[in-house]
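Common to both upcoming complexes is subunit A, partnered first by subunit B, then by subunit C.
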Partner chain A sequence: MSTAIEYFQFVLAPQMLIGLVLGVAVILVALGLTIIFGLLDVINMSHGEFYALGAFIALALGSIGLPFWLLVILVPLLMLPVGYIVERGLIQRVFHSSERHVTTLLLTFGLGLVMEDAFRLVFGPNPLKPETPIAGAIDVFGVFLPLYRLFLIVGGAVIVALVALVVYRTRLGAMVRAAAFDRDMAASLGVPVQHVYAGAFAFGVALAGLAGVLLAPIYSVFPTMGRDFILMAFTVVIVGGMGSIAGVVVAGLLLTQVQAISSLYISPVWSDPIVFGIMVIMLMVRPQGLFGRLGHG
Partner chain B sequence: MLAIENLNTYYGSSHVIQGIDLKADQGAVIGVFGRNGVGKSTLLKTIAGWIKPRAGAIVFNGVRIDGQTADRIARRGIGFVPEDRRIFPGLTVEENLTLGYLQVPRRSSAGNAAALRRIYERFPRLAERRNQNGTTLSGGEQQMLAMARVMIGEPRLLLIDEPSEGLAPMIVADLFAIIGEMKQRGCTILLVEQNVQQALTACDTFIAIERGRIIGTGDASDKDDCARLMHAISF
Partner chain C sequence: MVDALTRSMRASHILVAILVVASLIFAVIGVANGDTFYLRLGTEALIFAGLALSVDILLGYTGLLSLGQALYFGLGAYVSALVLMVTPSFWAATGAALGVAMVVGAVGGFIANRVRGVYFALITFGMAQVAAKVVYNTRALGASDGLIGVPIIQINFGFAAISSASPAGFFLFTLAFIVILYAFAAYLLDTPFGRLLIALKANERRVPFLGYDTVTPRLLAYMIAAVIAALSGALYPMLRGFVSPELLFFSTSGNAVITVVTGGVGTLVGALYGGILLTLLKSVVGSYTEHHLVVIGVLFMGAVIFLPRGLMGIVRPAIERMLARRMKS
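Moving on to the complex of A and B:
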């Protein structure tokens, strides 16, 4: 019995905790992605670079002395107009073409490449690690847990709850869900759909930026940092149901636990193929994902 | 109030509306009749801004609205109840209704609340089901919700497409009573309806459409005009 407890305490629980922190990180990145996909039907291939942009802005502003906690608020606010301009200036221009899915995908892919190179030019190719805003660690039932990671888990849950509250419990959220389901009908009720689309894109980009600020102290800041998360974030969005907030949370927690536990019991080399294999099976068996799309009931 | 001149609308290469001219005065109810696929719904969608016309002009209260976005057209006081009701799934009855506030840009919160109260007084079934998902209502209730969420914006021009389709006679009678009430308030109405006999009781005048063109007009109270209409559209 004591061996089993020790095994749980020293082997399984720490691994699951690593999975949980990674899960929250992936959820934070995937949240904006799923809102943009659910509402605009746009696969934002530059989402990872917006996540990196948030981290780089935080790094730059942090270097001139702005405190981390101010950056947590300031960076998403700065990202809002960036997202709004990108949507109105770039995505809207190709949004109404018959090849919308391809053109928006290629456009955002290109934008991501440009941004990545711009980060390399301005900040250099090497990883930069901001100071951890909360030092120290606690013992949770015998498991060592850095305090900042605990904050990330709690903070991530609060952010998801707030986003869900806005989307499902406010009139603004009702406008977003209505426009996601039926653009024409929402417009005929006076909903300014073009601004709603741009606003939702900006909101998704701001969430990516927020994720960048919060995750930089753990995963460092470097030009290609967006790539590390974006594949997993896309997988979570596909498995959870494209555009579903609940889907992102469930799939995010589930898949990162699969990743963590499979790397323990099988091999870390196999954890990614297993997770992406789940995505492929999901696409074949239940292409709509675990939950429905945003605005589709 | 509404003046349409030489309107031409296409779906891709298909020329659906072929040079329609139409004038509507304030408070008039105009029936738009014709067989399936002749362009009746397309006409309403073009006025509502869902489809951009390729040629012609739509002038509403002295302002050209063709080419404007559907939300701007809605905020000018043009309400649209489309054929299949288009209730938003996942939104409650009240959320569906309060979206309609946006049709009146400068109305105060108190004004919005009063408008919602009036709607609930007129549609007590919707008041009872205000927290229910809109798509779980019966067909008749959904039609009432579709009408009510446009009425909450107090439109000056109302475009209604096939409101009675698939509904029980009692609900259809109630629907036409609402159309009558809207007319009493000075609202101009363009009514597309397959149930021509019933629709004629609510209309002042009518137009008959065939292959995107107006092939006849008449007075709904004139028996000869109505007989010619029935013959023209060959029901």
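Moving on to the complex of A and C:
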């Protein structure tokens, strides 16, 4: 019995805690992705680059002396107009074609390529690491946990709760869900659908930027940083159900735990194939994911 | 009787003929100048054009966007490299690539064809990602280094032989190889089977009411695309002497999609022109700046917004009109 407790305390629990931090990080990135898909029906292939953009803006503003806590608020606000312009200027141009899924996917894929290379041009290819805003660490049930990671877990939970609150409990959220469910009906009832669409894209992009700010002190900042997360974020969105906030949270926690725990027993290099394998199987047997789409039941 | 599809295919044939003539002139100039670099670059462009061709069969005719065609390209390249390191025979290498691609394509097609639209794109993406990670981490396949030291081979036709080390010889061989792949695809898509695929793209629900099976044609289209991608990939180690896991990465699949979209979706020949255009662009822009992705990305976005039918969407209709006039008179 005591060996089981020790095994839990010294082997399983630390690994699960590492998985939890990663899980929160992935959820933050996937949240914007799932909102954009749920409402606009657009697969945003450049989402990882918007995540990187947030991190780079934070890095640039941080280097001129702005404090981290201001950046947490400022960067998402700066990302809003960027997302709005991208939606109105680029995505709307191909949004009404008959093959919307394919054309918007291709367009955002191209945008991602351009952004990634632009980062390399401006900031150079090497990883940059901002200072950790909260120093120190604490003991959680005998497990060493840096304070900033604890903050991330709590902060991530707060952000998810706030987003869910806005989407499900406010008038704005009701308009968004109405537009997602039936665009024409919502428009005829006076919902400014054009602005709701652009606004939702901007909101999703701003969430990616916020994730960039929050995760930069842990995972460093480099031009291809979006790629590492976006695969996992896509997997989470698919398994959870595209457009579902609850799905993102459940799938995000589940998959990162699978990854963390499986890497105890088999070589960690196989954890990625396992996670992608889960995604492929999920797409085969239940392509709509664990939960339904935003605004659909 | 000649209908619109046959006529558009003929227009594509004319454009391929123009491409072949231009390539022959290019080869003659290359040989006259004793060039190696540009001939090898041209060969590589043609090999990746073969991959793009397979993407166009799926996207342009079956309406399915594959974001993981690099899976089959890399599969062909690895199988070919492994066979060549045991026995330096072109026929054994391509034969093995063909066989393995058919088996893996059948399994992959079974998995991917269970879903449609955007889910198809993501499932192909996921499968390629799994394969890339597995190869990247398998020591027996050279892991992240890939397989190095694929020998130079003599491609033996019985009456003559071409060395894979000869720049002009292998360029011409690759040209012929890709044109045969094109001809095979073009022929197949003009048959009743090909028309069934186009019908599936237009309206999948109606096809069963007309008495046709939808599952088998879809699977076959996927397998044909897999085989064409693998056969193109099989040439890669002969050209470069190595294979690396990068061949399986998303950037390879993504490049093939960019090639097809800029060249012209649903034209087949667009994949070939697109491949050459993209390679040309990369080497020209690349000689000024290493940030050629910005330029290519912007051009690609421009093509998606302003030229949804791609380059061949402008050129081919003109040739089609010419052909139509000829047939009337």
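Note that in this section the second predicted complex is superposed on the first by the 297 of 297 C-alpha atoms of A that agree within 3 Å, B and C clash if a C-alpha of one lies under 4 Å from a C-alpha of the other, contacts with A are read in each partner's own complex, and residues count from 1 in each chain.
One rule holds for everything that comes next: contacts are C-beta pairs under 8 Å (C-beta built on N, C-alpha and C of every residue); 3 or more make two chains touch, one makes a residue touch a chain.
Values in this document were obtained by computation on a predicted structure and should not be read as measured data.
Peer 1: Once both complexes are superposed via subunit A, do subunit B and subunit C end up clashing or fitting?
Peer 2: These partners fit in the superposed model.
Peer 1: Scan A:G124 for contacts with subunit B and subunit C and give back first, second, both or neither.
Peer 2: Neither partner.
Peer 1: So in the superposed three-chain picture, is A:P81 touching just subunit B, just subunit C, both, or none of them (first/second/both/neither)?
Peer 2: A:P81 sits against neither subunit B nor subunit C.
Peer 1: Tell me which partner touches more residues of subunit A in the superposed arrangement, subunit B or subunit C.
Peer 2: Result: the larger residue contact count on subunit A belongs to C.
Peer 1: Where does A:A186 make contact in the superposed view: on subunit B (first), on subunit C (second), on both, or on neither?
Peer 2: First partner only.
Peer 1: Between subunit B (first) and subunit C (second), which does A:P67 come into contact with in this model arrangement: first, second, both, or neither?
Peer 2: A:P67 contacts neither subunit B nor subunit C.
Peer 1: After the fit on chain A, how big is the angle at subunit A between subunit B and subunit C, using C-alpha centres and going to the nearest 10 degrees?
Peer 2: 90
Peer 1: Between subunit B (first) and subunit C (second), which, if any, makes contact with A:A178: first, second, both or neither?
Peer 2: A:A178 contacts subunit B only, not subunit C.
Peer 1: Once you lay one complex on the other using chain A, what is the shortest C-alpha distance from subunit B to subunit C, in Å?
Peer 2: Minimum over all C-alpha pairs: 14 Å.
Peer 1: Take the contacts of subunit A with subunit B and those with subunit C, and give the residues found in both.
Peer 2: none
Peer 1: In the complex of these two chains, what residues of subunit C are touching subunit A?
Peer 2: Touching subunit A: residues 59, 63, 65, 111, 114-115, 117-119, 121-123, 125-127, 129-130, 133-134, 136-137, 254, 257-258, 261, 291-294, 296-298, 300-301, 304-305, 308 of subunit C.
Peer 1: Help me check something: in the complex, which residues belonging to subunit B touch subunit A?
Peer 2: My answer: residues 48-50, 69-71, 73-75, 79-80, 82, 86, 88-91, 95, 98-105, 133, 135, 149-150, 153.
Peer 1: Show which residues of subunit A lie in contact with subunit C when the two form their complex.
Peer 2: Residues 43, 90, 93-94, 97, 99, 101-103, 105-107, 109-114, 116-118, 120-121, 231, 234-235, 238, 267, 269-270, 272-273, 276-277, 279-280, 283-284, 287 of subunit A touch subunit C in their complex.
Peer 1: List the residues on subunit A that touch subunit B in their complex, please.
Peer 2: 171, 174-175, 177-178, 181-182, 184-194, 295-297
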